[in-house]
Amino acid sequence: MNTISLITDFGYKDNFVGVMKAVILKINPKVTIVDLCHEIEPQDVLGASFLLRGSFGYFPLGTVHLVVVDPGVGSKRKRLLVQTKDYFFIGPDNGVFWFALKDETILKIIEITNERYFLKPVSDTFEGRDIFAPVAAYVSKGECVEKFGKITDSLMPLEFPELKKNNRYLIGEIIHIDNFGNLISNIDKNTFDNFTKDRRFKIVIEGVVINKISQGYFEGSSLRPLALFDSFGYLEVAIKNGSAQKLLKVEKGAKLKVIKT
Amino acid sequence: MNTISLITDFGYKDNFVGVMKAVILKINPKVTIVDLCHEIEPQDVLGASFLLRGSFGYFPLGTVHLVVVDPGVGSKRKRLLVQTKDYFFIGPDNGVFWFALKDETILKIIEITNERYFLKPVSDTFEGRDIFAPVAAYVSKGECVEKFGKITDSLMPLEFPELKKNNRYLIGEIIHIDNFGNLISNIDKNTFDNFTKDRRFKIVIEGVVINKISQGYFEGSSLRPLALFDSFGYLEVAIKNGSAQKLLKVEKGAKLKVIKT
Amino acid sequence: MNTISLITDFGYKDNFVGVMKAVILKINPKVTIVDLCHEIEPQDVLGASFLLRGSFGYFPLGTVHLVVVDPGVGSKRKRLLVQTKDYFFIGPDNGVFWFALKDETILKIIEITNERYFLKPVSDTFEGRDIFAPVAAYVSKGECVEKFGKITDSLMPLEFPELKKNNRYLIGEIIHIDNFGNLISNIDKNTFDNFTKDRRFKIVIEGVVINKISQGYFEGSSLRPLALFDSFGYLEVAIKNGSAQKLLKVEKGAKLKVIKT
């Protein structure tokens, strides 16, 4: 009885996700598979990494987190199996784990090379099915991580949009827009609190000014955006019962400024 | 071995649903989770209620039905655990259960207040993860419903589009348009039969007139709409191998009239 | 412990898929259900058949593959239960199994007629719920296939786009466009290899000429399409980190020509 979570950019119109699950169940019929997200934008490694970071800790101990967002499929990039104190992570070495795990205690990083665990022949374009899925299934059955390849010591870093900061300004950007049209930034609560301390502030996005942090969507109106920390700890701009994306006409990458007043 | 069903307006591009499943599985690793629908339109309590009403009875006895369509998240609206003869229902007290359960025998209504069962800290914006999911998991493990809070006796009512009726007319409206473009009304078969009895009738929508009830889509043509009762007992207008929504250019809320002739 | 796979054109906005799963779990609570695809285009029997063909062999032996893409629902078309050496297949007799199974050893074809296994009353429009789901559940529990009806010996054939071929030309067409915008043709690797042998060739689609088969997306650039065999063995045209569909403005049905040079 173990769990595998899946993050991919495969969407729902093909058989890609279902076939990966088939491969997993053929090896470990007792595993529980949870879809974390299959609508990562194609090749959006940063989006996958951000989503993984906010999700993995909610799962049962020992869960195998499988991430197949893989612009370099078939090329020489490494395939990794990472063991932390509580979980396993499997996927291509393209930065997706670097950001997601940067506050975690990593016990071992294995470069997956043991073809004994692969589906053969390995295709040029679908290592999710032929390599990552079967490896995840064997790990979920308790196979020792060293069996899959040799220990390595590095994760490829990921270029992550940095916050800009001086005494008066803290500038982040919108890195995700959720299903409700809420605009989620890369400014986390700790950074925000350390910056504003007891000072008054305003939050500016696309010319709209917000003067306080709300405690819930219910505080707003359907016309005035509000700012609050989302359930994963990031500053977001939202509209009560509406879409901030539509009202403000904002895209990913838009700047969000916090200014001391 | 128990089942939890999920209805939300979370869609598929975020990690919301997957994280709720993670929380559930951490508490009850043996539960089976079934996605009933995650594409309820944002904040559409009526749509969720209608979908729940047509679905819950197909599940195994003892299933826990979890509904998180929650425009009032973080506000003072109650959180409910409802026990009927055959099932459990968990979600916000915003009317979603009032319509869905109005023909059911309700045994107990509990206002969920016991923080012992919550994930901490409880966020302002995601009670689905922090309150409803863990409570559903514990209920699915057999925890006694009284443990989650105090007994209450009311469900918030839901404003539901009423049928209008006189001797000659029965007027309903389109309340759902399905994946095939079929137009589903709020006129159920009993009401229709009681109204028309042995009399002849015509069904009118957007100027189009239909003179009979068909026994299946195969009776129609690709140009002429037909009327029939859908598999949940509601009057619908459809096109054989096509979309009635596209042909008739109809939106939710359009009137559907049954007229005795 | 058995597996049922699902292919439908039901999409995700209704309760159709969830209710079918409920019906299955009520009969066999221990089964594992895998969504292969629910975004088959409405009534696209060919698309479902193609997807099934490329998928079923990855599943554990004994898996029950349930396909509900059923333009003739409620009409006189047969309902089938097909047993091959390794799997079971259940769905309407509309051609979906003819193409998918044409290289398989079929052991038995049963016309499903035994109402004992149906949900009652059987609706006119949702045999997926009332007939196919319960039959799949009982088959997954090990019920003998003869119990569901009488042996029959034919599968309805499916009109499948044929390849055209002479000494110089091999002409196929685009039959699927995947989530990444890759253009997948009906030319399989064997046919291609037999046609080109050691000769040089060019591949032409919408005026664009490609001179070789690549070993992976990484070989391309973001402006020049490449050709390669997809992970299921079919010739596809793709763009590195982009959508060939958008760049070439190609729709399903577009011709793909292989020309000896």
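Worth pointing out:
Every chain is named by a letter (A, B and C) in the order it is written, and numbering of its residues begins at 1.
In this section, a residue touches a chain if its C-beta (ideal position, glycine included) is under 8 Å from a C-beta of that chain, and two chains touch if they have at least 3 such contacts.
These figures come from a predicted structure and were not determined experimentally.
The two sequence copies chain A and chain B touch through a face in which the numbers common to both fall below half of the numbers used overall. When chain A is laid over chain C using CA atoms, the rotation angle comes to 120 degrees (nearest 5).
Centroids of chain A and chain B (each the mean of its C-alpha atoms) stand 31 Å apart. Of all residues in chain B, those touching 2 or more other chains are 12, listed in ascending order. Contact residues of chain A toward chain C in the complex are 9-19, 21-23, 25-26, 29-30, 42-43, 71-75, 123-126, 129-130.
Those residues of chain C whose C-beta lies close enough to touch chain A in the complex are 1, 3, 5, 12, 32, 34-39, 51, 54-55, 58-60, 63, 176, 178-180, 215-218, 228-231, 241, 243.
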